[in-house]
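Each structure below is given as structure tokens.
There are two complexes below, and they share subunit A, which is joined by subunit B in the first and by subunit C in the second.
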Partner chain A sequence: MRASVERLAGLLRKEALQIVRDPSALAIAFLLPAILLVIFGYGVTLDPHHVPLALVIEQPDAVTQSFVSELGGTPYFTTETFNTIQAADRAFDAREVSGIIWLRADFARQLSSRGDAPIGVIVNGVDANTARLIEGYLQQTWATWLSARSRVLGTRAGLPIEVQPRIRFNPAVSSRDYLVPGLIAIVMTLTGALLTALVIAREWERGTLEALMVTRASIREILLAKLLPYFVLGMGGMLATLVLAVTLFGVPFRGSLLVLTAAAALFLLAALGMGLLISSVARNQFVAGQIAVIVTFLPAFILSGFVFDIRSMPWAIRLITHIVAARYFVAILQSEFLAGDVWSVIVPNALALLIMASIFLGAARLGARKRLD
Partner chain B sequence: MWRAIFALIVKELLAVLKDPKSRMVLVVPPLLQLIVFGYAATFDLNRVPIAVYDQDHSQASRDLVAQFLGSRIFEQVASPKSARQIDPLIDSRKVDLVLSIDRRFTRDLLTHRPAPVQLIVDGRDSNTALIILGYANSIITSFSLRWMQSHGDPPAPAVLDVRAQYNPTLRSQWFIVPGILAVLTQVVTLMVVGLSVAREREAGTFDQLLVTPFTQGEILIGKGLPGLLIGTVEASVIILAAVLWFDVPLRGSLFALYFGVLLFVASVIGIGLMISSIAVTQQQALLGAFLFMVPSIILSGFATPIANMPTVIRKLTWLNPMRHILIIVRGVFLEGSTTSAFIPEYAAMAAIAAVSLFAAGWLFRRRVY
Partner chain C sequence: MPAEGESPAALRLEKVSHEFVSAGRTAAALKEVTADAARGTVTGVIGPDGAGKTTLMRLAAGLLKVQSGRIEVLGIDVARNPDEARARIGYMPQRFGLYEDLTVRENLDLYARVQNVPAAERQARGGELLHMTGLGPFLGRLAGRLSGGMKQKLGLACTLVRIPELLLLDEPTVGVDPVSRRELWAIIEHLVRTEQMTVVLSTSYLDEAERCQRVLLLHEGHLVAAADPVSFAARSSGRSFHVSAAAISKRQLQEQLACTPGVLDATIQGAFVRIVIEPGAQPLPEALPPRGTPLRIVAVPPRFEDSFVAEIKSTPASSPPPAQAVARDKIPAIGGVRDTRPPERQGESASEGPVIFADRLTRRFGDFIAVDAISFEVHRGEIFGLLGANGAGKSTTFRMLCGLLPVSDGTLRVAGYDLRHAAASARGRIGYMAQRFSLYGDLSVAENLHFFASAYRLRDAHRRARIAWALEEFVLGAHADAVSRDLPLGYKQRLALACALMHEPEILFLDEPTSGVDPLARREFWRRINALAESGVTVLVTTHFMEEAEYCDRLAVLAQGRVLAAGDPESLKERARTAQHPQPTMEDAFIALLEAAAEPKAA
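Coming up: the complex of A and B.
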């Protein structure tokens, strides 16, 4: 037992020295997460602001003017007036404007005679999500305009139903508050898997792992010594991103630090375990790197619910998302930041993380038998 | 001279394709990813679980609820009996939306007062929240308009008549699948070239290459062309899959698309070789590749629009080849554009390719250890 502790201490010292002397490992653990979080936190938002719209008003009058000022009064749109629909179409095709509002010559007449005067709207549907959001904003603006108009004219109040939206946890519907917590999972997936995947594959390639194998250290000790330093590094990086998310981006943190730390530790173990597994399967840096890209970053980005809602995916894909560890961590992060300790979210997701961590670590342990081939 | 370069290219291709494991990772995962991500990466909602808290229990309120459930977008999974039950349903993520119809709903409708309908939405996923609100609003609006018509009220003075150009049904798959083309082509190309120099440097064979009569330019070609070949083949396979499997319309000119793909792959190769020649070990090269790849995907407009980014970051994205190829790919696929529409994008990618390839060639010699 004592000997084992000593061996482990020796191995740990070796790994720690390797990390400290190769600045790239320290850079991956601390610098990379911080830089990525800052760039992404600023760069990644889904909320359209100041969407450029082309206005074509064939017969301007007081009514059209009131609609235009309603549009300009929101932070969502900036408007530019064009004289003909052809000119607006050209600007639209050149992607100078994202949409066209077209009030035809008989708009005012139709409006005052039989109603239902069409407000022609053309949006660029290529980015379907943004198009849908723009449509939603326009609809909101239109409803406000209607009720303002009816107040002026003293007719019945706009539409018969008054919609009262209440958005829990994120009343300003800021996509940054939603995306930044998820980014922490993305960034940590990268660092965790990358660190271990590369490090072990390198030892295989150089043959130094074989050198370790002829020592008395058991494979468990070797793996543990690899895991621990990177675990400490990873938790440090996690803390750094957490502090940045709250201080720099002002994302509210409503949960408890203890719960988040525990979940983060579980997630990191799963990520590191996956890295270990990859490297012991690949035994070659090129393949390990390829696999790390394929199974970590892209799935964490696309299949974790970080931007694409898992519930909108077809069931077969939803099934696949269950093997993506980031999925569970993203769910916990989003609740911890915006909602608080919601146990019905935390417990099942933390359990799933625990299971994944044990499977990956167990498989890595099995895959890394002392064997030469 | 060309025979020698050809031999170099063959050697590079063999280095990548000889090993069955590395051959496999170039072929199988990209295809799998295309299929999985093509279905997974969607902003479209369907079967959103909702709860209905109907306090009115009238014909009108039931009609409204039926409109919601008839849309296939919403699916009722709970009917809370009191206002206290609403928040826990949302907190635990059992439902995304609670439709709460006030007790005075019918009375207000009939007495021409605004009838209140509350929509309580889970804001943790702000994008889903906004889209749900958008769908809910349009259902309620069409209900309102129909109500006005059937009860002899004067119609609304003006109505929105929205048409989405290029993608009338707003399928986000049409937006995402061409984007995946760019992402996967970049990943594969970067992996092939990004490690090529570092691998040889670690093995010591790069020094041998440097003492052969090859010039920097020739070594550059020998290292770069295999990447161009593999990247273009990869892109072609994905284009085929996008059209044949995902039914994304390909409306514009194939020439414009391939010209863009070639420039894009060339600029990724340049960046990959640059990273590879700065790096001393394969690990550093892989790190460098990652450090370039992750921001280049996230800040490319692949999932979150560039127009929403702050000005500084928006300007920085001009250095990102993926930003340009995404505009070209989506333009050719959906907007039916031709070569003339993409002059700035072609120019930017050509500049990135030229600068990075030149820098890589220069670095080859400077970094002999």
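Coming up: the complex of A and C.
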């Protein structure tokens, strides 16, 4: 049967009216992303901030004083000074402090004789992530202090290698700057896969799809009428998140809008394809929602590199991440926001997205029939 | 008007069989059905739940793959050219296929567009449909806010935006009040007359069969009969009688008649027991029990249902499931419910006064008055019915009676407890069977019984005894380990009743108890309920099925939260008796009451 603009227009109009009138669709498309944005923009941060540390100075003098002032200069720590390690230990056990920095009595002497002095660092390993971060920051602070001191005193002797940490792409080392861009992938997964699967499952539940199937509307028109509105909604979500990220949270955007839009469109098509596929299997909203969350939303959260670095995952998990469409998009997003149009990142990832979109949409089209069985 | 040498039948099925596979179990929905529907007629696909009606309709609409056999719609092979066939049919699925968050106008507009109705015609066509269905004043209302009857009419209008050559309606009258049902039939008959449309509709209401030109009777996937309803009903002509006896109660009479050889069917109909006897049997008083009691036997015109039950019961090919046959002998033993009651509880409720007493009972939800000062009382051992369409206030009344919803105003006493203060104590005396049999589908029969026994705090030996009693009395022993989800509907119903009776309640609440259950299972169910009532259990039933109303001793007809009329079925029917309607049915009576109530408003 020939395609008809009239039929498609009728279906599109219906879909638009339903989106506008359905509070749950609006909530998933706009409220949930806004909440996520606020949580990730303001709440969740992977940077240590005012971490309480115990500082044990067995013999205070000018040298230790200089180190303490270096520590105090960072927003990462707040320090409390103790005279003995035993007192600091008690505070540590009482969970009053998250770590101990221990400057022994011979700190100044060792420093002047060797140009280098060991400091003791004890961190609470219960929260491994924070512990590692504290460790890293302390090492960095210590190295900075040492090299600054060497420069001042002109004694380069004790330090064969000068530590010069330099962090590229995210000079402020702010985790917000890479979390918020990744959020775009989550927002688009919500509208593309979860919302689409839910609204089609609802049509199954209410018997409306059954009625539509016996009309002259072709299955292509029915699918297209689902794809187009949620495509627009997903791209709108992407743009809104982008604008908020740059204006409200001051996240830098170094790439081009065109590349980002193209990559987002590819990813959204893949997500919509997954949503359509899910709805052809799950014909009630509860099951559709469960499947969509488990196979699209959670992987986009956990396995995409959005929060957790893929390279530090075990190889088996790393292998799985390759079938998570969000991983390719997150790579592009982080490049676009933090580095710019890095073609060596964008091209292979965009290709992967193109392949995934074709597979999912193709499977959804093949699986869709104007039949109930 | 058969065109271009096509077959004269609008729908033709040839040896169509269909099976569903779920969880490794294969279930046959249709078995070698060969039938047709002539052009320009109304054909009814009739049969109980699970008979295969919906499967047949969906196959005809091309919504299911034809597994075996051949289906032709307007001469088109549906398996080969589904799109071509679909373009010429209209199909309304069970829940009308409406978008509830779209308005009446938007729904009509959507279907007009997807059915290629040219923009120029849309306006005129829409106006016509709105006039026909009376939906004109509700154009801007969301479909979800319409009443069941209006939804059904809108669903029908949506399938008629382009006049189809064949209209398929799947259970268009389920959950719809009798007035709307009549209106729908008027629309359908008008269309068949004026547009030469062919209509095939499925229904589980046997009384609707009588309005069809031809009926296809399905039972467990078999085509039991294909005939015009008059001649089908006539199959039991001369075999239908009303029996009454002054000396014994109608329930005892029915019980004894049902067990008599030669009697195919015995049901309570108002003050009488209606029987259908085997061909050749004689309805002589001396041949019927109870012997020695003077019986009054009057021949009555046959009903469609008489033939239906007679047909199924006397067809050896589709004999009733063995369990039902066994159950028949078991039923009188249910009278023992009372005997198993602890002695101190026996006769406790035998004290004078009604078991259920409602006086000016009112329930408000904000400004909305769902139940408006209704009063009734139910006595011990009585079967009392609350009859009304959807939204009449039945469910609200029911929830208050069960102590699930606080009373806004008025008095309500159940088993002597004032529900305003002692809802929990009253609940212990109540057995409740919910509309959709609130069983745990994933649990086995025995597990469900065990759970409900525990929920009613039956312990150890007592609990074991009650479970054993339930398995035996309801003939569920062979299915004790079967997962209840997979049970046939009739078994589910039995299990639900068993669960509601675990704690030997003195009051039994039944919410639309036999909706969708086949006529045989419904008969069996009511025999159990009758036996319970005979043993002194008070039964309260809500229903919008007129057939169920016939089983009640007394009824209250509800509409818009008020009692329109109360009395026994005979006296209610008596009110609707006119010169044109010498033998009004319960439905006639119901509609007459509703119309009478609406009149003062219209004036």
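Just so it is clear, the second predicted complex is superposed on the first by the 299 of 373 C-alpha atoms of A that agree within 3 Å, B and C clash if a C-alpha of one lies under 4 Å from a C-alpha of the other, contacts with A are read in each partner's own complex, and residues count from 1 in each chain.
By definition in this document, a contact is a pair of C-beta atoms (placed from the backbone, for glycine too) under 8 Å apart; a residue touches a chain by one contact, two chains touch by 3 or more.
Remember, it's a predicted structure, so these values are computed and weren't measured experimentally.
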{"item": "More subunit A residues in contact [subunit B versus subunit C]", "value": "B"}
{"item": "Which of subunit B and subunit C A:342 touches, first, second, both or neither", "value": "first"}
{"item": "Touched partner set for A:279, first subunit B, second subunit C, both or neither", "value": "neither"}
{"item": "First, second, both or neither for A:241, with subunit B first and subunit C second", "value": "neither"}
{"item": "Touching partner for A:39 - first (subunit B), second (subunit C), both, neither", "value": "first"}
{"item": "Partner chain(s) touched by A:189 [first = subunit B, second = subunit C, both, neither]", "value": "neither"}
{"item": "Doubly contacted subunit A residues - partners subunit C and subunit B", "value": "none"}
{"item": "Of all residues in subunit B, those that touch subunit A in their complex", "value": "19, 21-22, 25-26, 29, 33, 36-37, 39-49, 87, 90-93, 96, 108-109, 112-131, 133-134, 136-138, 140-141, 143-145, 147-148, 153-168, 170-172, 174-175, 183, 187, 191, 195, 199, 281-284, 286-287, 289-291, 293-295, 297-299, 303-305, 307-310, 313, 330, 334-335, 341"}
{"item": "In the complex with subunit B, residue positions of subunit A that touch it", "value": "24, 27-28, 32, 36, 39-40, 42-49, 51, 67, 92-94, 98, 107, 111-112, 114-133, 135-136, 138-140, 142-143, 146-147, 149, 155-171, 173-175, 177-179, 190, 194, 198-199, 202, 205, 282, 284-287, 289-291, 293-294, 297-298, 301-303, 305, 307-309, 311-314, 316-317, 320-321, 331, 334-335, 338-339, 342, 344-345"}
{"item": "For the subunit A and subunit C complex, residues of the former touching the latter", "value": "1, 4, 6-7, 9-11, 13-14, 17-18, 21-22, 206-208, 210-218, 221, 370-373"}
{"item": "Subunit C residues within the subunit A interface of the complex", "value": "58, 61-65, 82-83, 86-87, 89-102, 106, 109-116, 119, 155, 158-159, 168"}
